[in-house]
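Take a look at the structures below.
Two complexes follow with subunit A in common, the first pairing it with subunit B and the second with subunit C.
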Partner chain A sequence: MIRLICYLMGGKYMKAANFSYYEAKNIQDAIKIKANDEEAVILAGGQSLLPALNMRLSSPSCLIDISKISGLNDIIIDGDYLFIGALATHSDVMRNEIVSQKMPCLIDILKMVAHPAIRNKGTHGGSIAYGDPAAELPALAVATNAEIILSGQNGDRSINANDFYLGLFETAINQDEIVVGIKYPLLKQGQVFLFDEVCRRHGDYAMAGLIANIILSSNKVNDLKLVFFATGDKPDVADKTAKLFLQTGYDYDQLKNSLSSEIDFAGDLNSSSEMKLHLATILIKKIINKLEA
Partner chain B sequence: MDDIKVNQNPKLGSIDRPNSYIGRSLPRENAKKHLDGGGQFVDDLTLPRMVHVAFLRSPFAHAEIKSIDTKTAKLSDGVIDIFTAKEIDEVCKPWVGVLGHLGEMRSPEQSPLAKKIARWQGEPIAVVIANSRAQAEDALELIEVDWLEKDAQVDMETALDPNAVIIHPELGNNLFWTRTVNQGDVDKAFKEADAVVETTLDFARHTGVTLESRGIVADWNKAENKMTIYHNGQAPHMMQHIIAKHLDLNEGLVRIISRDVGGSFGIKVHVYPDEMAVTAISKKLGRPVKFIADRLESFTTDIHARCHKISGKLGVDKNGKILAMEIDDLSGIGPFSMYPRTSAIETNQVLNLSGAPYVIPNYKAVGTVVFQNKTPMCQYRAVGHPIAVAITEALIDKAAYKIGMDLDKIRKINFIPDNSYPNKSPSGVPLEDLSHQASMDKLLEIMDIEKFETKKKDDYQKGILSGYGVISMCEVTNPSPLFYGVGGAHISSQDGASIRLEGSGAIHLSSSITEQGQGTEAIMKQIAADQLGVKLESVRVTLGDTDATPYGGGTWASRGAGIGGEAVLKAARKLKDNILNIAAAIMQTDKESLDIEDNNVVRKNGGEGISLQKLAETVYYRGHEIPKGTNPELLATASFLIEGIPFVFTNSAMGCQVSIDQDTGIIKINKFWAVEDCGTQINPKLVEEQIRGGVIQGIGGALFEECVYDDQGNMQNATMADYLVPMAYEMPDIIVDHVTTNSGRSIIGAKGAGEAGTGGAPAVIMNAINNALKQVGAEVISQPITPEKVLKALGKI
Partner chain C sequence: MAANNTLSISFTVNGEKFNNVNVPSRQHLADFLRSQGFTGTHLGCEQGACGACTIEMDGKAVRSCLVLASQANGSDLKTVEGFDDKMMEQVKQSFLKHNAFQCGFCSPGMLMTTKEILLSKKKLTRDEIRSEISGNYCRCTGYQSIVDAIEECINEVN
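So, the complex of A and B:
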């Protein structure tokens, strides 16, 4: 993303264009402003938005700062779900007792998201709402069939993550809506979420990553959902390949063929599409090795 | 903290006496200031009536500027004026980046702002002057430029082809400089060799990525005809000369102040068009003007380095003795040779340094440097070394594999023996006081190299490819006038120090060497206090101000300790002599019976002495009490320069052990070892910081860093998110050890230590990776060695 900008600008800008700033007192307040100004954007932790503004990739009219709204960073058990409030920072989530008991893989995942300083500011909701195709959390939400809770002028609605990501940085959020939280279904008996990724440096966006939602019965993989990230324009679900794996086990060539027909791998500076296809195939093996260990 | 290293330099006296600071790892005092946020960087400075600038830069690698319309932009909020080349050229004369001592160099005139044609993406073409940087950037958007995009010559390998785009038509082709070195008869020797090996290596462009970006505040004072420049550079006196020359000012009335500088690595020792424009704007407007490069600007306008393709050939006899080496190097330097050091030096170093640790009776080297439409390239930490060392050491490993010899053994039998100096490199460069044999022995001992062959085999059984490498290298340090001055550049190879005892008893020291974070100030203090016999905390240091320090070259080419340190030593000894003369007169005894310890003049045989404070008070306030005819000078100044040889060389031996994930191509450096011989270590901890920091930069070059360009010459990764530098997780344990061979050129005996890590690490890492890959018949030859390149080499993709 960032490289696209400097390509276009020839390295011209490092200061944001003028914008107005609005500190929202509560959710309704934020929604009202957003509904009335098409060019206003939500500011949460600012870790993705501010660099984009400074390079003048976008010049919104107004930043609606939601970071001061209280009650948006709860982490609680809500029936059969683990609910994480939009403003919980990555660090909040990593340190949370409930998360470590109910969804330990989330902590492993967040360890790979950026670096401590960024994790202290970057928010769970911001990452889900931004929908960077290379980010871990959108893929996790899709892999676990999480519900994304949106608040708008007509009240709250819930949308399944599988229907939320539409394309490159494109989501089902309406103009008047903000993400208020994410509901992850609690693990069932025999269920595990496993995660792995390959990056050039620790904390970088991955060259390819995989989150697997696995149902085991009598120590065998009974059902499997594979969601890849950093491979295409949004979290890539590979159902066909998962099915193939259930039938034939790990066979590099077969799975690679299947993945290449199922996912439109888009290369970037650090890895060509061919490399991503290879790594995606390897990641299945790595996940299985983890499962066995 | 106070670990005492055995002082192996008898000229410095015993380490067990009071105030013996040379050789001790003392904490550096100025680190506290930075931890406390109390540094003073250029951007911290705000002057009354100061204005800010933003540059309009070419978005194209090569394009004609048909017209620039600034009318609307001038009306933008806060804009004071907008200048193009026309206005800037009225006050600033162009420059040419050539020197006279290295054969013919051809580079055209360069002005601060491009005139009709922009020749790299990022070249400045117009500048907005406004009340704030943000306002200046707002106005940039409103400048209308009618561009005519031209074909760009991006690839250096086709730059000399008949159908290449000629970047400077007046030169006829894209050749900047070429040089051939020919010693002995390589062709004959290759025929006689039992084994001949060849390889071609590729090095991507990378850049210095200083934590603090380039910055300048220029303040023209019309009434005094005085130009004051606050600049985060490395060589204040060089800048003083250049700014005076090109702005037609009285050089004596140009003052350069370089306070804290957040890293430089050679990036900040060159003359940049945008910075020259800032000085011209101040001259025109009569106001202070600030420019701080942002990160995008840094990536596309700070000098790049290391864009080389080099092929090499090595011939050995069946016992492993090297008979001949031949290299052919091509480098692309962007559209201009940088001023004033030129962009020929990196290639020149490759030619001079390849094969330097070894006896190679027949040596031929050809270097070709061409223009291309990319960011200008010039000298960056360890200039040319990574290329020279990598080609030499890759060839030696190949020869060892071919004749079935151990990697350490083939090196040992070919080293120029430690007891044979003064000697010459294969290219004919004079070498002295080196210790390749002792350093390699020490390296093998601390690495425990025997265990790696076993480990490698065990790993292989487990499906892990692991490998190791060892290398030896020479590092250019402490250059003499034969480096730049002889070619016509006003770059001082001499440095000065001035030291005084003040009325309070405090010692003030000033030096022409500058500090960019490496600890210059700390070692200067240690030398002065040690030689004078005073407590460390009583010495105050001033650096980086042409009005306040002696004249000199500044900090580059690892010259601070060896040249600047010697000047401090000599000045301190002179001052001590003056003090003792005065004390002897006051105490009515002979000077030889006195010494200085802990800020007191003491009698060697016991008895009452006199404190420096008392002595100073007597001299300054009650001068009538000292006997007539006594020289009352409590101030001493000394200079030093290296004479008779082009450089003082340092040597190092390095080793590393790596493992490779065959599935992902990810390389892990498990451990790194470096043995450095930099002569006297004034502060061993600072030497080790230099080695470690250098090694990390070398890891960057070997595995991560690359300025990626597309076919049109657009830089693709000009952000810190996309340009990868190694971070904490990517840093292995680096074990540093030393061999000490003092330089015979000075009393202090110190050589440089700043660049070996950067120069040697890429070679040893590549050798270790290839040592691992060899087990499956694979090889990598292009840096950075990315996971994708590894997987391709393994045939996985």
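So, the complex of A and C:
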């Protein structure tokens, strides 16, 4: 997305406009400032925000740096959920023992998110909160029916990822709220998450990607949720297509037709909407091949 | 609210201490380091894509164009000028031998990435080396010579 806008601007980059910088001492401190200044923006890992500032796609009044708040990067099992604190970096998550045992697909997914130096700074919560339609984690949150935990002036609330993404970079976060963590339901018996994407260069944003939440019983796909990313303006759930697949198996033309009626494919610099539709259809096949392997 | 457009920060670069230096809050770390004379840190894209500005911050590789100078308060930074230990001398010799430095624009970032590869102690295949350096653009070498140099370093260091 950023590259598209930058292309439209004729590839002219600039330096960030002026803003003030505030290092938040704790969550309450950050919430108070955010609640009182509509133009203030949270700074977590900065790996999406700084490119936007450098290119003046965004010019906030103040950056509220939450990156030094302690206690926001826990990765723990919380009942039937895997909880990941908002400030856990992509590198923290990839190296975590609990994640590798309970949600190994998350590690495979993060290997495709940017490059090591970016993963050392970029945070889990930042990626979820930003809601880039081409990003992997928002789609994963929707595919797994994760709960997003928000903290605001009136305390904490939890919202299901399916209700969190409203449109292009638009989420259900209120002015006075910040994301403090994400809760992924632990895998159930027979449940697998499979993931694949097509991109030009390892680590770049995908041209199209798919995360499938699959329930197997006696080695057959019993239930299926398909969530595409880098296809439309937010993670795209394709329930009709999933149902069709369960009924008829993989048929390129049928599934392509169904996807085109279900998802509003939006082309970008790397791939037209027609190409994304083709890639999305092929991705279903690639996922099924993985399942059979 | 103690928010400011200019901040006073203290930090270390390559072991040298800097105390109470004023930085504009909007300035990123790469521009700031260059303004302090550390011009080995290069800027290609300022959006995280090319890797030329990669430095080490508190022991981890980061894109210095995507970190604010103000965020470096209290940090220990290492730039290409500080890559003078035995291992990095060996890496530089290897790059020279294989002609992996051409115009040199990508080199600070490539050296940083090579350092991370070597410290991870992983025995990588040529394909895996390519994947590890996929976050660093080189517009001269066609990567072949860089992969040669890194392959040699992996064999020598491990």
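Note that the second predicted complex is superposed on the first by the 282 of 293 C-alpha atoms of A that agree within 3 Å, B and C clash if a C-alpha of one lies under 4 Å from a C-alpha of the other, contacts with A are read in each partner's own complex, and residues count from 1 in each chain.
We adopt the following convention: a contact is a pair of C-beta atoms (placed from the backbone, for glycine too) under 8 Å apart; a residue touches a chain by one contact, two chains touch by 3 or more.
If you're wondering where the values come from, they're calculated on a predicted model, not measured in any experiment.
With both structures placed on the common chain, the touch criterion links A:V198 to subunit B but leaves subunit C unconnected. By the touch criterion stated above, A:M207 is placed in contact with subunit B alone, subunit C being left untouched. By the touch criterion defined above, A:M275 reaches subunit B but does not reach subunit C. In the superposition on chain A, contact is made by A:N18 with both subunit B and subunit C.
In the overlay built on the shared chain, the residue A:K285 is in contact with subunit B alone; subunit C does not reach it. When both complexes are overlaid on chain A, the residue A:L216 reaches neither subunit B nor subunit C. In the superposition on chain A, A:C62 makes contact with subunit C only, not with subunit B. Contacts of A:M112 after superposition on the shared chain: neither subunit B nor subunit C is touched. Of the two partner chains placed by superposition, only subunit C is touched by A:K121; subunit B is not.
In the superposition on the C-alpha atoms of chain A, the part of subunit A touched by subunit B in one complex and by subunit C in the other spans residues 2, 6, 13, 15-18, 51, 55, 201-203.
Taken together, the subunit A residues at the contact with subunit C in this complex read 2, 6, 13, 15-22, 33, 43, 46-47, 50-51, 53-55, 62-63, 65, 67, 91, 114-118, 120-121, 201-203. By the touch criterion given at the top, residues 2-3, 6-18, 51, 55, 198, 200-204, 207, 269-272, 274-275, 278-279, 282, 285-286 of subunit A touch subunit B in their complex.
Contacts from subunit C toward subunit A in the complex involve residues 1-5, 7, 24-28, 31, 45-48, 51, 54, 60-63, 65-68, 70-71, 112-113, 116, 131-132, 134-136.
Looking at the complex, you find that subunit B touches subunit A at residues 56-60, 121-122, 133-134, 137-138, 140-141, 294-297, 299-301, 663-664, 666, 704, 708, 710, 714-719, 721-722, 724, 726-727, 729-730, 786-788, 791, 796-797.
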